[in-house]
Structure formats: C-alpha cells, structure tokens
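Every chain is named by a letter (A, B and C) in the order it is written, and numbering of its residues begins at 1.
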Amino acid sequence: MISYLIRRVLMLVPVFLAVSVIIFLILHFIPGDPIDNLLKVGSSPAARAEMEARYGLDRPLPVQYAIWLGKVLTGDLGTAIVARRPVLDMIAQALPHSLRLGGLALLFSSVMGIGLGVVAALNRDRWPDRAIMGGVLLGSTMPSFWLGLILMLVFSVWLGWFPVSGARSWTALVLPVLTIGLGGTALVARITRVAMIEAAGKDFVMLLHAKGLSPLRIQLRHVLRHALIPVVTILALRIGWILGGAVTVEVVFARPGLGTLLIKSLSQHDYPVVQACLLMLAMAVMLGTLLGDLLQAAMDPRVRAALA
Amino acid sequence: MRAVLRAFRRPMGAIAGGWLLAMIFVAVFAAWLTPYDYDIQALKEAYQPPSPAHWLGTDEFGRDLLTRLFHGARTSLSVSSIAIGISVLCGMVLGAAAGWFGGRFDRAVTVVVDLTWSFPEILIALILVAIIGPGTTGTMAAIGVAYLAQFTRLTRAQIMMLKGETFIEAARSLGAGNAHILFRHLLPNALAPVLVSAMLATGDAIILEATLGFFGLGAQPPTPSWGAMMSAGSALVFKAPWIILFPGLAVAITVVAINLFGDALIAELDIRARMRRAA
Amino acid sequence: MSALLQLSGVSVAIGKAHLLEGIDLALDRGQILGLVGESGSGKSLTAMAAMGLLPLIGGRVTAGEVRFDGTDLSTLGEAGRRHLRGRRIGFVTQNPMTALDPVQRIGAQIDVVSRLHLGLDKAAARARTLDLMAQLRIPEAAAVAEAWPHQLSGGMKQRIVIAMALAGDPDLIIADEPTTALDVTVQAQILQILAGLVRDRGLALMLITHDMGVVAQLCDRVAVLYAGRLAEERAVGPIFAAPAHPYTRALTLCIPREGMARGSLHGIPGAVPSAAAYPAGCRFHPRCARADATCRATVPALSALPDGGLVACHHAEPGAP
C-alpha cells in the first residue's frame, strides 16, 4: 500500500510539469501587456526596457520558464505586477476562503446527493424517483451565478435571513454553499441512483435475499456500499468542477478567494497572480484524482489486490 | 433520423421538443415577433416591470426585454451550437484517429485529453477568452476547445469498442482498406452516441455562454445574448429583478428541454449502455 | 400427510408473460428431487417460487399454491417468507464467482445467517461458521473466514455458498445448477457434498440441473419441465428405464455413455420456444415425432402412471411393467 502510494504520487510529477508548461505558455499568449498598466502614458522606451528587465520579461521564454518553475518549487510565487505584493501572500489570504467554501459545498453535495440518489433508487420509476430526478435536473440547468443572485434576492434582500455578500460571518457562507452545492447535488444524486440500480441487479444481491436479510438492510448495507465506490471516485475527480463553480460564485457574492483573485488579475493582466491561481486549481484537481484512487483502493479489496 | 420523430411521440419528448422548436422559431423570426427593436433606447420607458405593453418589462435603457430575449436566443443558441458543432467535428477526427491508429499518437492524445478533461470547462473557457479576446467569436472558440476533450474521449471509446466487432473483422477480411472501414463502417456506427452527447453538451454550452457573458466576456453590447442580458441585470438585481430573472429562466428551461429530449432520443436509439460505458 | 415442499398447480407470470403453468411437485425430507429441462423451461423460476422470491424479479404466482411444511406461502407476509429463507430453506446459486459480496469478508457473510435466524451472538456465530466450514472440508477455515471472495477459487466459493445455505440449519436446500460454472473435477466434489447432506442430516434437496447423468446418479425423483409446463414427474428408476414422455425419452438419450463417441448426442431438433411464441396445444409438438392433430389443438393434461408418476402427453408410453 505504501509503495503504491509512493508510485501514485510520483506519477503526478510529469502531470505537474505538463500543467506548469501549459499554464506558463498560455499566459504569454494573453494579449495586453501588464507593463502598459504600470508605465505612465508617454514614458520613454528606456523606462519600459528597465521595467521589463526588472520583471524578467526580456529573457527568452524557456529561460523565463525555468526561472519561474525554480522559484515556484521553492515556494516563491513572485511579486504581483499590478498589486505590487508578494503573490504568495495574496494566495495565502485567498486560499482558506476558497477551501472553506469548496469543502462545505463538497460536503453538502455528497450528503444531499447520496441521500436523494438512494431515495430515488429505492423508489425506482415511482413518483419519489421522478420528483427527485426532475428537481435534480432543474437544479443542474440553472447557471450558478443566476441561481446565486436569485437566492440572494429572495433570502437576503426580501427575507433578510443572510448577509448579501462578503465573508465576515458563517451565515454569509450559507447561500454560496447552497449555490454551488445544488449543482453538485444534481451530479451526485444522478450517479448514486444509477450505481445503486446497477449494483442491485448483481447476483450476490439475489443471494442476500435468499439468506433472508431484510430488503432495506440489503439496500443500505450492501447495495449502497457497492454503489459508493464509483460515486466516491467520480466525486473526487469532480473536485475541479466544484472549484470551477466556486470561481463564479465567489464573484457573485463578492467573497474573497481564488476565484475573485483569478478574475480580477485576469482582467488586469497580472501574470504572476493568474499563474499562481491556476497552479493552485491544477494542484487541487491533481490531489482530487489522487484522493479518488486512494479512496477506491480503501473501499474495494479487489482494487487493493490488483495494486499489490 | 427517424428516431428524432419517434422521440417526439413520447410525452416528455413532445413537450421538450416543442419548446426547442419554439426557441428556434423565435430565434429565427425575432425581428418580426414584437413591435419593438432590440437596440433602440427609450430612457423614458426604463425599468418598467412586466406589463401588457412590455410582457417581460424593460431594461435600464427602456428596451423591451421580450424583444431582447428573442434576439438573445439567436445569439445564445447559435453561439453554443456552432461551438459544439466545431468541437464535435474536431473531436471526432482526433478521437477516431487516436482510436484507430493507436500506438504513440493515441497515448499522446489520451494524456492531453485526460488532463484537460479533469479541468472545469469554465476555467478553460475563461483562460481562452482572455487569450482570444471577448466577443462572440472568442466565446465560440473557447466553448469549442473546452468541450473538445469530451468528444475526443467519447469517439475514441466508441471506435475502440466497435473495432473488435465481428462486422468490422468481416469487412477487413474482405480486403477493405483503413479509410474505407473508418469512414464507411466505424464512424457511422459511432455517430449516434456522439451526436446525442453533442446535443446534451449544447445545453451545457448555453450555460457556459451565459457564464462568460456574466463576466462581460461574451457578446458585446448592444448585441443581446442571454448571458449578456443577465450580466447587465446582475448589477440591477435588487432594483429590477425581472431583467435577470427571465433570461435565466429561458436558459434553465431550454437546457432542461434539451436534456429531456436527449433522454427520449437515447431511449429511442437504445444506446444508454453505450453512452454510459464510454463516459 | 403432506410433503415438506408441495407445489400444486402453480402458475407464474412476469408482467404479461405467463412463464409457468400448473406445476405440481412434492419433495420430502431425505429426498433428492431433480428438476430438469433445457434453459428457458422454467427451472429457476420454479425455485424462485418455492422460496417466495418472485417479487424480486417482478414475478407473481397467478394460480395454485406453494406449501412449505403445510403452510401456504401466500398467507405469510413478506416478513414471514423472509423467516423461511435462510432459516428453513437454503439456496445454492448457479455461479459462485458472482454469488458473494466482493467487499465483505467470507466469514461475515456466513455469520450473518446464524446471527439473524438462530439469534447467535458474534462469537457463537463465528464458531458455528468455522464448524460448518470444517464439515465441508474447507482447509484452514479460520484463515479463509478472514479472506476476501476474490482470493478464493470457484470450487471453494461454492463450498462457502453451501456453508451459507446450511448456517440457518434448514430443512430444504435448493441448488440451482450448482456445478455448471465449475471445473469437472470440482463438480463431482460439490455434488458429493450435497448428496452427503441429504444422507447425514436428512435434508430435502431440490437439484436443478440439465445434466441427466447427474440426475441418474443422485436423485430419487425427477421432474421434467418443458416450456413452462411439467412434462413428466416420476421416480428415477422408471423414468430412465421407460420414459413415458417423448421429451423425457430424448433427454435420457442425451447422457453420454461409455462406448458412445462424445458429442454424438441424440439431440432433439429445434429449441425451446420463447414465452411469447408458445405454440397452441402441446408445447412440445413442433419438435415431436409422435405429434398429430390432437397434439396441435389440445393441451395434454397431467395423468397418473401406474408407478405413481405423472405425465402430460396424448401419446404417452404406458411405462415399464
């Protein structure tokens, strides 16, 4: 198991390198020169060259990449060009907000989604199933920023239950978590339902019935246990989606976080910050796949046997 | 194609298909359906809630929202379907080539596709629009690239699955060439699942277009799109909630309709197992 | 006195498909009843009906009654039927490879039966499990109990399934083609184990099979099913000596005997029709050499044979003297 863990983590290294190259290159294709934002209108070409040299923008691309990667690996994410602050500080400030939001949204989607998926599967093709799947479909088709604004309008403005925006109190988290969580719930409920129905048709379930176990016990202890294997795997893979949702929702609710930071620096062409944000999101996605594989091995002895 | 007609005969398929046809109709005939223009400002009429004169109310410039919604359908639907269309074409070529030739090319494609596939489409699209620049063209390209991975994966999986089937072996033993088998036998058989998932992706693309529009990166004013309308309305949500409400509902209902019609189509074509195995 | 398991005129339908019609069977303690027929003839469905498990596959009994130890199953609620399953009726499946929960350890899967039905505590249930495993000659029972299903061979898994069936101390075991998925050498071992249970414990065994050789070796009585109806039901001696139904005759000729080249089976032309395409009259008539106009028009009723057997054929051979 330990050797598998080491092998699995080592597999992430080339992926990380590939991602870092892509992130580095992409940013250099973005039109709009951050130096323009810093120079006063009508500055001399000499002043411009000096500025470029200060940020290392005058060197060849591979050199720039090597320097950048070296710094990133030692934890130095550079200085924001526009904000003129260490990028690491900005990330350190934003990350906890995004993690809290993403984590709670993930928790909400898992609990709600698995619960609704189980109820739907147990009542397959009867009205609770149709109602849940219908609601879930509707929930997944509303653009998240729109849903967020409507929730804000109803619960914060009309009913006054939650703060409109910001991140000063825990209650401010309710609507953002709900906004991301409804989309996630839809996904999880759908996968859970299909996985339950598929697992219920397996031979061993028939034998459990022949052993005289109660149907509810069979469904919850055995069928659900099986269905959770693909659900957890897919959920871990979708951590990226949850964070993607967080980007939009953070902007809508004016919450500090990676998403707000990303959108803001993207519009200001602040390369180092954008790069750092994308790296963080990429790392989250990679950790998600890792987590998915580990959970699958933890839940399924057959997978463990194949890895040993 | 007969399956499309049969899908209409299912009750859900009929309702969903009816809504989609209606949306296409208003998108095409937007200019003749209401007495207003989408871009003429009438500041005296600004911020009117829904009324008999303006069924969905007016926006901050006094423009009729129903008119803008119809014209917005034109932009939103065409941008998302063209983007997905391009994405499907490229994805099928890439996926078919990878699945058919295998080897090092296949591995390279698979690695890149798996990498992009695990990233949320909205992030890929945001970065791409930042590179290409905002507007309908940039949006189309961004959506197209964002979904490329999905169609490449799906086509590749279908080709791999069909490759082992008896009728392909038979064609090969009869001396059919690579190109003949690929274009005459494999692609047509892989087509149904890919097209249905393209239809479902168009729904997601409409949401993506709206989200890019919300960030101000989609269609630029005065061109109405559902996303751009909601972007404008988001700042006024407390003052005039109807401005953002109706385009959002239009998106939600249209995407639900696409999903329901897609479900009916999947049932008619009997390809549920094939879609799931490839996902 | 009625038998332990008694099916009288049982008909079963799934949705609109009427898959079993008027099945009469009886089985007593210490007896082995072979249920034979080609696939699609309704053997497994008969077993499901006997266990009250039809609702699981969307089926229902439309006529007749299933009695276990004198009690009509339909008068028991679902909870009552559940108390029969596992406790009084043990079930052995066709494919041991897929019969065990792959994410639960072997021991726990057997323990649960005696804990549930005999009210044993954890330790007592495990002791019973290990005892049963030893009786079934499973080596290193304690280690196997801690193993996962995927670590065992097919033959070993089938022994585990049998241990599960025995854990509730049942009166009847229903084995649905228990050896089809196993190696030939293992097949014999499993059949010996099952036959031994009947001999030593006085269990009743319903053995579903399509292997007439196995039937000849082990069974006391044989019920032949064809296309959802009973063709013939008799003691094993007379049915091989003088089969009354032409279908039974064809089946008995299918046993490969010594001196006969393998593969030269006296096969019957054609195949069992599907439930949607059952012919009128006797369902066997399209494949039968003796068929005439009566067979095509009239369903043959079950009639008693002099030796106590039953046959449903307009042209039944009278049976051996």
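Things worth noting here:
Simple rule for what comes next: contacts are C-beta pairs under 8 Å (C-beta built on N, C-alpha and C of every residue); 3 or more make two chains touch, one makes a residue touch a chain.
Predicted, not measured: the structure shown is a model, and the values here were computed from it.
In this assembly, the chain whose C-alpha centre lies farthest from subunit A is C. Note on interfaces A-B and A-C: more C-beta pairs are in contact across A-B. Separating the CA-averaged centres of subunit B and subunit C is a span of 55 Å. Averaging Cα coordinates per chain places subunit A and subunit B 23 Å apart.
Rounded to whole angstrom, the centroid-to-centroid distance between subunit A and subunit C, based on C-alpha atoms, equals 54 Å.
Against subunit B, in their complex, subunit A makes its touches with residues 15, 18-19, 26, 29-31, 137-138, 141-147, 149-150, 152-153, 157, 194, 237, 240-241, 243-245, 247-248, 251-252, 262-263, 266, 278, 281-282, 285, 288-289. Those residues of subunit A whose C-beta lies close enough to touch subunit C in the complex are 202-204, 206-214, 222, 225-226, 229, 299-302, 305. Looking at the complex, you find that subunit C touches subunit A at residues 51, 53, 56, 82-87, 89-91, 93, 95, 98-104, 112-113, 116-117, 148, 150-151, 161, 164, 168.
Listing the residues of subunit B that touch subunit A in their complex gives 111, 115, 118-123, 126-127, 130-131, 133, 203, 207, 210-211, 214-215, 227, 230, 234, 237-238, 241, 244-245, 248, 251-252, 255-256, 259-260, 276.
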